[in-house]
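My structure is below; once you've seen it, I'll send some questions.
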Amino acid sequence: MRIGYYPGCSLLGSSREFDESTRAVLKALGVELEQVPDWNCCGASSAHILNHELSLALPARILALAEQAGLTEILAPCAACSNRLLSAQQELEKHPELKAAIEKAIEMPYQGTVKIVNILEVLDRLKDRIAEKVKAPFTKHVASYYGCLLVRPPRVVNFDRPEDPQSMDLLLKAVGATPVEWPFKTECCGAAFSVTRTDIVAKLSGKLVKDAVNRGADAIVVACPMCHSNLDLRRAEINDYLQKEYAIPAMFITQVIGLALGLDPRDLGLHRHMVPVEFTETAGVQS
Amino acid sequence: MAEPFEPKITAFVCNWCTYAGADLTGTSRIKYQSNVRVLRVPCTGRIDYMMVLKALHKGADGIIVSGCHPNDCHYTSGNYHARRRWMVFKKMMEVMGVDMRRITFSWVSAAEGARWAQLVNEVTDQVRALGPYSEFRQIVGAGIE
Amino acid sequence: MSRIGVFTCHCGENIGATVDCAKVAEMCKDIPGVAYSVDYKYMCSDPGQRMMQEAIKEHKLDGVVVAACSPRMHEPTFRRAVANAGVNPYMCEMANLREHCSWVHEKGEATTHKAADLIRVLVEKIKHNEPLFPIKVPVTRTAMVIGGGVGGIQVALDIANGGHKVVLVEKSPSIGGHMSQLSETFPTLDCSQCILTPRMVEAAQHPNITLMTYSEVEKVDGFIGNFKVTVRKKARKLDEKLCTGCGLCIQKCPNKKISDEFNEGLGTRTAIYVPFPQAVPNKPVIDTLNCTFYKTGKCKVCEKLCPTGAIRFEQEDELVTLDIGAIVLATGFKLMKTDVFPEYGYGKSKDIIDGMQFERLASASGPTSGVMKRPSDGKEPETVVFIACSGSRDRSKGVPYCSKICCMYTAKHAMLYKHKVHSGKAYVFYMDIRAAGKDYDEFVRRAIEEDDVKYIRGRVSKIYEEDGKLVVMGADTLMGGEPVEIRADMVVLATAVQSNEGSEELAQTLHVSYDTYGFFAEAHPKLRPVETNTAGIFLAGACQAPRDIPETVAQASGAAAKVVGLFSNDELTREPIVAVVNRLPAPAYSHCVGCFLCLSACPYQAIEQEEIKSRSGEVIKTLARINPGLCQGCGTCVATCRTKAIDLQGFSNEQIYAELMTL
Amino acid sequence: MANTYQLSRESLTSLFGALRKDGRRILAPVESDGRIGLGEVEAPAQVAGDYLQTIMSAKEVAFPKVERLLSYTITPGQVDLKDAEPKAAPTVLFGVRPCEAKAFGALDAVFNWDYRDKFFNARLEKLAVIGLSCTKADEACFCTSVGGGPADTAGSDILLTPVADGYLAEVLTEKGTAILNLASDLFKPGNGVDKVAVAAKVEAAFDQPALTAKLPGMFDSEVWVDQSLRCIGCGACAFVCPTCVCFDIQEEADPKQGERLRCWDSCGFHMFTLHASGHNPREVQSARWRQRIYHKFSYYPQRYDQLGCVGCGKCTRACPVDMNLKEHLTEAAGVTA
Amino acid sequence: MEALKQRAIELLEKGEVKAVLGYAKGTGQARRAFFARQPGQVDKLVLDEACTQNLAAYATKHEVKKLGRVAIVAPPATQRALIQLMAERQLRDGDLAILAVDEGAIKELGSAAALEEHLALKAQGLDAKDKTLLAKLDAMSREDRWAYWQNEFSRCMKCYACRNSCPMCYCEHCTMDCNRPQWVPVASHSIGNLEYHMVRTMHLAGRCVECGDCGRACPVGIPVHLLTISAEETVHELFGQRAGAKAKLDYALSTFKTDDKESFIR
């Protein structure tokens, strides 16, 4: 199996471990990734609020490049990236006149034929292979955290169900974990305020962390770099806000699967986390 | 100099919406061109496509088929059946090469008196601009020794 | 050769000022078949009509074209005038010179010519008109009302009081419907059962009403005035004549832990039971799915104890066929379940309940005797959140329509709660408050202003349980979308009103239309709201769309008036503008080939199957037949028929063809 | 009066030129999308090359599928009736097969039986037939079984038979002589070629006189039922047939005007004999199929002293369900009464 | 083939059918419909590429019905026609023994349900030649298309071979035979031919099983099957319904959806 790959900016910066673990796990599962050549920013956090044409042109260029490279399908592990790519693709399909304008702007033809998939979709296809290859079952209680962008808006992403999604839970079960019943699967972590309003992040993400721990989770598993940085990078602020010391790690789904497949934690970038990924008796427990 | 061309327009309308709408045009004293001849039937569901073909056969340059808006049919669903029939009929006529600019399908309700006048005027002007439907008229009487 | 008279009306200046009527009358004389043509100032005036009648007699006219105003205006007038002159009224047609000509065109040659054209078309049509006669259909003066809720009871009482027999069919063991489950009713807060029970009793005792409870309609044949309805009387396992309703069997039934439907699962009942103490009839039924005897073959405690020996374990369902003249559907609604909302935890929490469950909690006859106790642990809830529009006006998960009654009952619930728990806090999340109705908005204002119910305009995005509380997360859109979080003890979802269980199947049995949501379709949304498009079948209440009690009752009386009107004649007279399948001598019998492609084209289910049999009874041919009692004359079947076997009287193929040939 | 000449292939061009100069249109088999039909030509090059037969027969030249008989207009108090005048242009039918040329005799028998049909005769009078002998035949052909042959002269005014580098031309009638006189220099003296040797070989399949003789006794034979079970009752056979003459009279009118048309009809249609009462004397397809055979092979000889079939096989080729006339006649001829 | 013959002999010998309707050798390379009425005639049956006629057209014929129960050799298009005839109540379930032929294999289908199930597994595709012609027509300007059909129809003589060969044209009294009023002129002049083909097309829209027999039947080679096929395809595209799929009537032109999508009604 060979698939196009669009890492996006976060996976080269703050979430290098997502990129590393994705590559490592997919390699272990026999999937070859072919990076989209000369890719650019998808415009995720700001373009669509500031300049409509730009917010279409940026993803269109990526998709056009993928078309030129002969790719029929690309994996965008970052939930924000895949969301943007999908939104732009659908809008251009609906409005041919926009498509013509955008083609002019990006100076290349754009057909809109490339299928965009997120990491859960890819892993889901490989579920049987994953289950076969599990060496060290991840026998922990986990809270699967999907965040806002993976499953919403449903008309755009058309993936899993918008309330109480299941795909990640099922994957985690496949590697031996026990997902906890958790009402916050798609609650907002405060993503966009990660830098500007850490107080809001502390409040929103704090709620997530606290409830995950209360429900007996040993780890929060994510599939979005923004979610991860809020839950991990901003843990100090969260703990300050909650006046607790929550040590529950936030892990990427690819890292969890990587561990279950017996990959080297370093190859999965586990050492890069702010909240150490340790599962001692007290790891998840507040102190 | 020849007489200026005045198109012959035949309209098939349902009794409850478009015919009543055209009545309202009258009571509102809204003027429109007099080329149209209206044929009243109970419902668009009654409008057999044969009627449209016969109107063309008899030299109509333009045809209007009109009835109640969807969901407003006096008979609940006659217009829905008519709509399907027209959808297929239109495609068939296109395949045959008939000039479909000459056949106008429309919904005009009993409250849309002004709309009826506008429709008739638009169709009349459009067909006048297209000229007589000579392509069709030519085949009438052809093929006889 | 036809002898047609053409009568051109000036309508004063209305036609005369624009159309040269004298010239038109002159032109019409030249049309072959026209025996007489004249113009007159006011054709519809008495002298006008008299002149016409005299001309008919004098010139022996057999057809009349009145060139005047719209047939939608005066066709009945002139048809009557023609009939009085001894000519069949359907031999009269009207050319619309006023609305379609003089009022919409400028004065001139072209307009006068158009007027003559309009007449010419109808002269040719009339040559193909045939005398038509009103259709008479006999009427059986017994009505059937399906559904014994407040709507059905009202219909039955109104018809019965009008002097006609009524059969009231109810599928559950007692009449009363949802209204009997309600605690109090908005906007007066009077006790629901107190106002309903007398009506139930009245219905049961009315000499003109036959109650058939625990019964369901199985099959409907026939047509308006002449239905044959087969009803399945489900076995109560009890001889109703012997049972006195003493209730001993119920007291002694050992199987007491069965979830109680009447209490919406909040209480329990026995295997032999009456749904509620005021049930009418007050005769129990045995729930064979839960009865120990039917499960194990042992027990029969009730049989042993019954003082009158009324228990009949061997009793079977019974099929009864009745002759019925009109049917009224009053089958009511159901509420959407709480388990369809993932964001509210699929209703897994016992303390997230629906509106009907709240009614039972608040009802003095309910499982808590009207004391506010939450279902999970029986504690008095200190904070209750009510969520309106749960599933209503929700395109993605629920139904797109407004359920209409929730705004009002939510206000009522919040009020009732506050009356019972004075220190409690009540919050209502709403989208809009739709309180249109007499004293309705005042009622909602009272809840807000006097009973201090907190109304928050916004949706609830999530409910989760935490530390024995239900955390309700929502937004207050009037505060700029500020997130709101309420820690509640109980949440009441005003779930959407939906069409009742089995309504689509029932609609198919009765051949009435229904909408996408399973509500029965009225014949016309504005002008015929209590009729279906199947003649002789009427609608009342929430089976047509969400309705509250007063609307249901009003509609019920409306439907009853329709039935009583129908029953006021021995025969039903109908316009002969109906479709007819042609009949021919043997061996063809008809041009109909029996493909029945017309069947689904008929909006009125008027097309039936007719078998032509030989003398020995062998079926030679199967044809379509159009029931003139049901046909409304739209002509959709006519256009569908490939062999032109079906034709529409009054708008026949020959008539329309003749008109077209004149154009 | 047959005079035999030699006509070179090249001289046809000149002959066509002379005919056209004389004001005659030339109709000949032409090809369009693989279909051979009669069409107007100016030069021999336009004539289809290697054809067996046209799909339709030549009868439409004298008996078109739709022709106007009369028309009228209605004005107040008056009907103006106008007889139609047949459009009969001087025409040369070039290259038709001997079977079809012969068929004009069968048409003539009907149209001039008890009434001289103005329309048919007007067209026939202006028509000259230059036939072309067959050098090949197919399974449908059976001219030799019905008294004809691949080089039969009946019905042709001139019959051409292809020989080495041109044609053997037999000038058979006055009309033929008139054509010869238009370009007499093209017609070289004949050299006595045996045309039978070059003509197609068509074996006689059945004994037609014997069949004709026994038909009156076979009316109720099962053979008609068996044969016609697969007949779908269309009119293809009758309409392509060079001798079928049945027609229907149709009136097309509106309140102002009308016209009366003569249209081809077919005895194969169930409506053909349907009475207004609903009774149909030929209710089943077998009766209609039998009628077709009897008309051509029994009633025609009785009435006109000739057959109503020339064995061209067009009906067999046109039939959508492969009703092979030769085969069915052979079968009928073999039935022991 | 041998299996077919064997089964045919069995059916006839056991008296389960009065005839086996299949194909036999005809004139030259042609194949024709053949009714094997005795076991001894079964040997005449053939089955090959040249067997194209849709034998379902015979299923509604009086003469054939009178024979008694018949077994019918049915390639896919014939199967579709048979099921559509059942939907239109011209055949009853079980009236015929259906010997379904698919790529040479024979399968006897006893009931409408079995036929439905069998057909559901088959993809229905158009002939490559027809596809090309349809595309050609589609690409023409409207005027050219008009001219194309007018030229083709000028050959038409209303022999009704297209109608009579069609399994769905079973009406005893066809619209063409209606004379009160005479909607379509009897005469085979230009307008008469045009209206005939328009009406035939409309009558088969939603009912055409796309066997192409009408086109094959035309003695003058007018591709009339393209008309009904394109109408049927239109119906399928617009409403998702297909003729010859279900034994229960689902006629696109006598049903509707309230949200049927069109863009031309003003």
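Going by the order they are written in, the chains are A, B, C, D and E; count residues from 1 in each one.
In this text, contacts are C-beta pairs under 8 Å (C-beta built on N, C-alpha and C of every residue); 3 or more make two chains touch, one makes a residue touch a chain.
Source: prediction; values computed, not measured.
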item	value
Common touching chains of chain E and chain D	B, C
Other chains in touch with both chain C and chain D	B, E
Farthest-lying chain, centroid of Cα atoms versus that of chain A	D
Chain located farthest away, centre of chain C as origin (C-alpha)	D
Which of B-C and A-C has more C-beta contact pairs	B-C
Distance between chain centroids, defined by C-alpha means - chain A, chain B (Å)	58
Distance from the mean Cα position of chain C to that of chain B, given in whole angstrom	35
Whole-Å gap between the CA centroids of chain C and chain E	43
Distance between chain centroids, defined by C-alpha means - chain B, chain E (Å)	34
Residues of chain B whose C-beta touches two or more other chains	49, 54, 58, 71, 77, 81, 85, 143-144
For chain E, residues that touch 2 or more chains besides their own	172, 183, 187-189, 192, 253-255, 258
Multi-partner residues of chain C (at least 2 other chains)	588, 601, 640, 653, 657, 661
Full enumeration of touching chain pairs	A-C, B-C, B-D, B-E, C-D, C-E, D-E
Contact set on chain B toward chain E in their complex	49-50, 53-54, 57, 70-71, 77, 80-81, 83-99, 104-107, 119, 135, 139-144
In the complex, chain C residues that touch chain A	341-343, 345-346, 396, 462-466
Chain D partner contacts - residues on chain C that touch it in the complex	30-32, 120, 124, 584-588, 661-662
Chain D partner contacts - residues on chain E that touch it in the complex	26-28, 30-35, 53, 57-58, 61-64, 155, 157-161, 163-165, 172, 177, 182, 185-189, 192, 213, 216-221
Residues of chain D touching chain C in the complex	74, 76-77, 253-255, 277-278, 280, 283
